[in-house]
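Listed below are the structures to be examined.
What follows is subunit A paired twice: with subunit B in the first complex and subunit C in the second.
This part shows the complex of A and B:
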C-alpha cells in the first residue's frame, strides 16, 4: 500500500495503482485521452504528464507510472502546466478545427481539455495532415482526419469485444486506424467505440447530424432488448428518443451497451400502433377506445374462470403484468403464462429461474459450462464477463452447435446428452458456473438435467433468459403448470396478449385475442382487438433482469397517437368489464405490488434463498437449437428499426453496403 | 387624405412639417415609377447637399428603386434619367413584402398549405391493411 503526496495531500493507494489513480484519489483531475479505466494502459497520448519526485527531471506520463512509496507528485506546478500545453499543441497540429460541423461537438474530450489545459492560440502555419475515411460498418461513422491515435478503439475491440478487426497501420505521423480490409466490424458491441473515442473520429452513423447534446433531454431508463437490463440514458428531443447510451452500473453493464440497445430506438417511431383496432368481418378496422372496450366486454360476457387467459410478452414490465394478473384473478382465472417461448423450467422458487451467480460474479468463475446458450447473442454483456473470466484463467465448456463466442471454448457436442459425459477438466474444477440457456429449457427435461449437473459439480447455476420482461413476470407468479402448451390445451375463450410477438399464436385460434402492444407485428396481425400501448421509453416501468435485479426506468417521451401506458389500459378496461382494479395511480399500483410480492418492492436483488435439491434428472437427449436466430431482429422494436435491419443484412447475411471509394 | 390625418399620422407621405420645409427649401428633382418625388435643397451638417424623398403612399424605404437610392445616398450625383439605360437582365425592383399577402411563407406554414416536412417526434403509424 504505497503512501505518496499529491500536491501536498497524503494519499494511500492499493499496490499496483498508477500515479494517475493516486492523483484521482487525492481529488485532482488529470487530463487524458488514451487512458481508460476498463482498457489496458497504452500511454501514448502523453496528456497525463505530471511532475514526479524522485525521478528524472522531466514530466512523466502518470497513467503508465506505478505509484510508489514516498513519491511527491505535483499536478499544479509550472512544469506540469507547460507540459500539458505543449502536448495539447502537438495534438492539435493535425486535428482539424471543424468543431462546428463535428458530431462530437459539445461532448468532445479534446474540445473540453483544450479549453481547460490548452494554450488558447495556435502557432502552427503549415498544412494539416489529412486521412481518408475508413469503412467500419453500419454503426460507426469515421472521420479519420480527426483521429488523435489514442488507440482506445483498438484496445476495446481486442480486449472487450474480442474481435481483432480494428487496428493501426503505418507509423509515426502517418499512423491510421482502420478495420481489417475495411470490412464492417462484426462485433455486436461496436457502438461502444463511439463512446470511447475522445474526439469525433468515430461517431454514430445512424445519429449523424441529428442533434446536439445540449438540446437533448436526458432520462435514466432500462433497456429491454435483452434480459441483462442495461442501464441506459435516453436522449430525447421533443417526442422522439434520438439515442440510447449506457449509464455506468458496475453490477450490470459496466459502461457498455450492445448495438441493439443503442440503435434500435429508431424503431420506436416506425410501424407504430397509434389507435385501437377492432376486427370486424375478419378485417381490422380502427375504432375508438370505447368501441374497442365494448367489443371486449361483449366477448367477456358470461366467460369466467380459466376460459380467460393471459400471456405476457418479452418486453412487458412488471406493472402491466401485475395489472393483467389482478384482472384475470377477478374472473377467477389463473391461466396466465410468461414463458411464451415454450421453454419449461422449475418456477417453485426464485433461485430456480434466476441467474444466481450474478453477472458480475461470472468474472470470478474458474470454469463455466454453457448448456444450450449462445451468450454472445442472447446477452452480449454477459459474454464480455465470460471473456473477463477467461483472462483470469477460466475455462469455458459448451454444449450446443458451435458458434464463435469470441473466446476459446471446448465444445462438448450438439446434443444435450453430453451432460452425462463431462470432461475431467470440468468435473475437477472449483468455482464452476453452469449457465443454462433457453436452448436447453425447450428440450424435455433439459432444465432438470442442467440443474442436476450443477448440483453434482457443486456449481453455481444460472438461467440465461432472453427476454427483459420474463423474470419480472416470473417473480409475479405469472405462470401456469405446464407452460404455454397447458394454456393452449385449456383453450381459453378470451386471451389477453401483452405484446406477445415471438410466439406462434395459431394454437389459440378459437380465442378472442386482445393485443396490447406498440408495433404492428405478429401479435397484432393475429388479434381481434388491438389496444395501443406504450413502448419501454414511454412509461415509467419496473423490470427485473436475469439476475432478478429490480430496476426502474423513467418516462422519456409520451406514447404516440392514442397510446396509453399498458397498466392504465387494463385499469380502464376493468371498469368497463365491471371488475374495477383496486389502484388508480402508479404509486398505488407499486404499493400493491410491493405488498403482494416483496421481492419486487425495492430496486436491486432481493435475496432468494439457496437453490434446493435439483428437481429431477436422468438421461435426456435432444439436439440443441439456440433461441435467437438473428441477433439484430429479436423484438418488434428492433424489427421496425432500419438500422437493425441493415445490421442484420450486412453483418449476418453478407449483403454489401460499403460506399464506393471516392 | 384629410388635413387631420396629415397632422396626426406619419406613415403615409410627408408630415405637415416636412411638407412645409419642402415647400420652402426643396427643389424638385424628379420622380420614380411609383410616384415618389425626390427633392434637394441646402446642405446638411457635414456640408453635403441635402436630398430627400416624399413617398406616394407608405413611408417604406424599400419602395425607393435602386437608381434613386444611389442618388438619395450621395453614391451618384447625376439623376437616374441621365444614367445609362437598364440592362435587359435587370429585374424590376421589389419593395419589402413583409406583412403583406404576398410575403414569403415557408413550406409548412398554414398560409402555404400547412404541409410540413417530417420532423423530430413524427412517427409512421402501422396500418393493418
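This part shows the complex of A and C:
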C-alpha cells in the first residue's frame, strides 16, 4: 500500500496502482488518450505526463509509472503544464481542423482536452499528414486522418472482443490503424471502439451526420436485445431514439454494449404498428381502439377459465406481463406461459431459472462448462466475462456444435449425452460454473441433466436466457406446467400474445389471437386483433435480467401513432371486458407487483435461496441446436433495423456491398 | 503516402500464392528456426520465418522475393499468431517487401551522413541507369528504394543490393556496379575504394605498429 503525495495531498493506493490512479484518488484530473482503465496500458500518447520526485528530472507518463512509497507528484507545476501543452501541440500537428463536420464534435476528448490543457495555438505551418479511409464494416465509420494512434481500438479488439483483426500497420509518420486487409471486423462488439476512440477517427456509421450531442435528450434505459439487461443511455431527439449507448454498470455490462444493443434502435421507427387492426374476412383492416376492443369482447363472450390463455414474448416488461396475468386471473385462467421458445426447465424456485453465479461472478471461475449455449451470440457480454476468466487461468469446456467463441474451448461433443463423460480436468477442478443454454433446455431432460451435473461437480449453476423479458415473467409465475406444448394442448379459444414473434403460432390456429406489440412481424401476421404497444424505449418499464437483477428503465420517447404502453392497453381492455384491473397508474401497478412478488419490488438482485436437490434428469441424449441462428436478427426490432440486416448479410452471410462512390 | 508501393490485388495474389508451402529444404530450415525458441514462444520465430518465406518466393520468381498475403497467412499459421499481428510486422520492417521487387533490390541510403558524403550522386547514377524510386525496371532487374540509415555511416555513401553492402561510392563506381550486375557479373562487395572495411583510407593513422605484429606499446606510455 504505497503512500505518496499528489500536489501536497497524501494518498494511499493499493499496491500495483499507477501514479495516474493515485492522482485520481487525490481528486486530480489527469488528461489522457491512450490510457483506459479496462484495457492494458500502452503509454503511447504521453498526455498524462506529470512531474514525479524522486526520478529523472523530466516529466513522466503517469499511466505507466507504478505508484511507489514516498513519491511526490505534481500535477500543477510549470513542468507539467508545459509538458501537456507540448504533447497537445504535437498531437494537433497532424489532426485536421474539421470539428465542424466531425461527428465526434461536442463529445470529443481531444476537443475537450485541448481546451483545458492546450496552448490555444499552433506553431506548425507545414503540410499535414493525410490518411486514406479504412473499411471496418457496417458499424464503424473511419476518418483515419483524425487518428492520434492511441491504439485503444487495437487493444479492445485483442483483449475484450477477442478478434485480433484491428491493428496498426506501417510505422512512424505512416502508421495507420486498420482491420486486416480492410475486411469488416467480425465482432459483435465492434461498436465499442467508437466509444473508445478519443477522437473522431472511428465514429458510428449508422449514426453518421444524424445529430449533435447537445441536441439529444438522454434517458437512462435498459436494453432488451438480450437477457443481459445492458444499462443504456438512450439519446433521442424529438420523437426518435437516435442511438443507444452503454451506461457503466460493473455488475452487468461494465461499459460495453453489443452492436445489436447499439444499432437496433433504427428499427424502432420502421415497420411499426401505429394503429389497431382487426382481421375481417381473413384480412387485417385498420380500426379504432373501440372497434378492436369490441372485437375482442365478442371473442371473449362466454369464454372462461383455461379457454383464455396468454403468452409473454421476449421483450415484454414485468408491468405488462403482470397486467395480463391479472386479467387472465379475473377469468379464472392460469393458462399462461413465458417460455415461448419451447424450452423446459424447473420453475419451482427462482434459483432454478436464474444465472446464479452472476455475470460478474463468471470472472472468478476456474472452470466453466457450457451446455448447449453459444454465449457469444446469446449474451455477448457474458462472453467477455468468460474471456476475462480465461485470462485469469480458467478452462472452458463446451457441449454443442463447435463455434468460434473467441477463446480456446475444449469441445466435448455435439450431443448432450457428453454430460455423462466429463474429462478429469473438469471433474477435478474447483470453482466450476455450469452454464446451461436454451439449446440444452429444448432437449427433453437436458435441463435436469445439466443441473445434476452441476450438483455432482459442486459447481455453480446458471441458466443463460436469451430473452430480456423471460426472467421477469418467470418471477411473476407466468408459467404453466408442461410449458408451451401444454398451452397448445389446452387449445385456448382466446389467446393474448404480448409481443410473441419468435414462436411458431400454427399450434394455436383455433384460437382468436390478440397481439399486443410494436412491429408488423411474425406475431402480428398471425393475429386476429393487433393492438399497437410501446417499444422498450417508449415506456417506463421493469426488466429482470438473466441473473434476476431487477432494473428499471425510463421512457425516452412516446410510442408511435396510436401506440400505448402495453399495461394501459390491458387496463383499458379490461374495463370493456367488464373485468376492470385494480390499478389506474404506474405507481399503483408497481405497488401491486411489489406486494405480490417481493423479489420484483426493488432494483437489484433479490436473494433467491440455495438451489435444492436437482430434479431427476437421468441419461439424456440429443444433438444440441443453439437457439440463435442469426445474432443480428433475433427480435422484431432488430429485424426491422436496416443496420442489423446489413450486419447479418455482410458479417454472417458473406454478402459484399460496394461502397458508395464519394 | 504518395510514394507508397502499390500492393497487388488480393484476389490475384491468392490465386497465385494460395497454395504456398515450404520447399523440403526450407521446411527443415523452418524447423530449425522454430526449435530456437522455447515451447509456447513460437511466435518469436515470426521474423526469421518471414525472411525465409520471402527468400523462397524470391527463388520461385527469380527475384529478391516479396510477401504476398497468403504467404503472410501461411507464416502466421506456422507460429500460431493472428494474421493481423504478422501483417503488422511485415508492414513495420522495410526489409519485408509488400510488393514484388526485381532481381536486384537496390537500397540507397539517403540519411544525413550518406547525403553529406554524396548519396545524391549515387541516386543520380541510379536514375541515369533507368532506375526509378519505388519502381522496378522494365527488364525486371532492378528495384530502387531510398532507405534510411543502414548503419554503414563510416563508409558513406553506400547502397545495399540484395544481401551485400557496396560502400564508399561515387557516381562512377555506382554505375560500374549496376552495369556489372546487369551483365551478370558479381561486383566486389564492401568499400569500392582502396580501403580495408571501415579502416581509415590509405592505411591506419594510429597504432601503426599493430599492422605487422602484436606490438607492445607499454613503453611509450
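Just so it is clear, the second predicted complex is superposed on the first by the 658 of 662 C-alpha atoms of A that agree within 3 Å, B and C clash if a C-alpha of one lies under 4 Å from a C-alpha of the other, contacts with A are read in each partner's own complex, and residues count from 1 in each chain.
One rule holds in what follows: contacts are C-beta pairs under 8 Å (C-beta built on N, C-alpha and C of every residue); 3 or more make two chains touch, one makes a residue touch a chain.
It should be emphasised that the depicted structure is a prediction, and the values quoted were computed from it without experimental measurement.
When both complexes are superposed on subunit A, subunit B and subunit C fit side by side without a clash. Of the two partner chains placed by the overlay, only subunit C lies in contact with A:132; subunit B stays clear of it. By the document's definition of touching, of the two partners only subunit C reaches A:166; subunit B does not.
Using the contact criterion defined above for the overlaid structures, shared-chain residue A:318 touches neither subunit B nor subunit C, since it reaches no partner.
When the shared chain is aligned, subunit B comes close enough to touch A:560, but subunit C does not.
When the two structures are aligned on the shared chain, A:519 is found in touch with subunit B, with no touch to subunit C. With both structures placed on the common chain, the touch criterion links A:174 to subunit C but leaves subunit B unconnected.
In the superposed model, A:328 makes contact with neither subunit B nor subunit C.
Judged by the touch definition given at the top, the superposed model places A:283 against subunit B, while subunit C stays out of reach. Set side by side, subunit B and subunit C differ in how many residues of subunit A they touch, and the one touching more is B.
Annotation: superposed on chain A, subunit B and subunit C show a minimal Cα-Cα gap of 40 Å. The contact surfaces that subunit B and subunit C form on subunit A in the two complexes do not overlap at any residue. Of all residues in subunit B, those touching subunit A in their complex are 119-129. Of all residues in subunit A, only 130-132, 164-171, 174, 179-181 touch subunit C in the complex they form.
Considering their complex, residues 211, 237-240, 242, 268-275, 277, 283-284, 519-520, 524-525, 530, 557, 560-561 of subunit A touch subunit B.
Considering their complex, residues 1, 4, 10, 69, 82-85, 87-88, 91-92 of subunit C touch subunit A.
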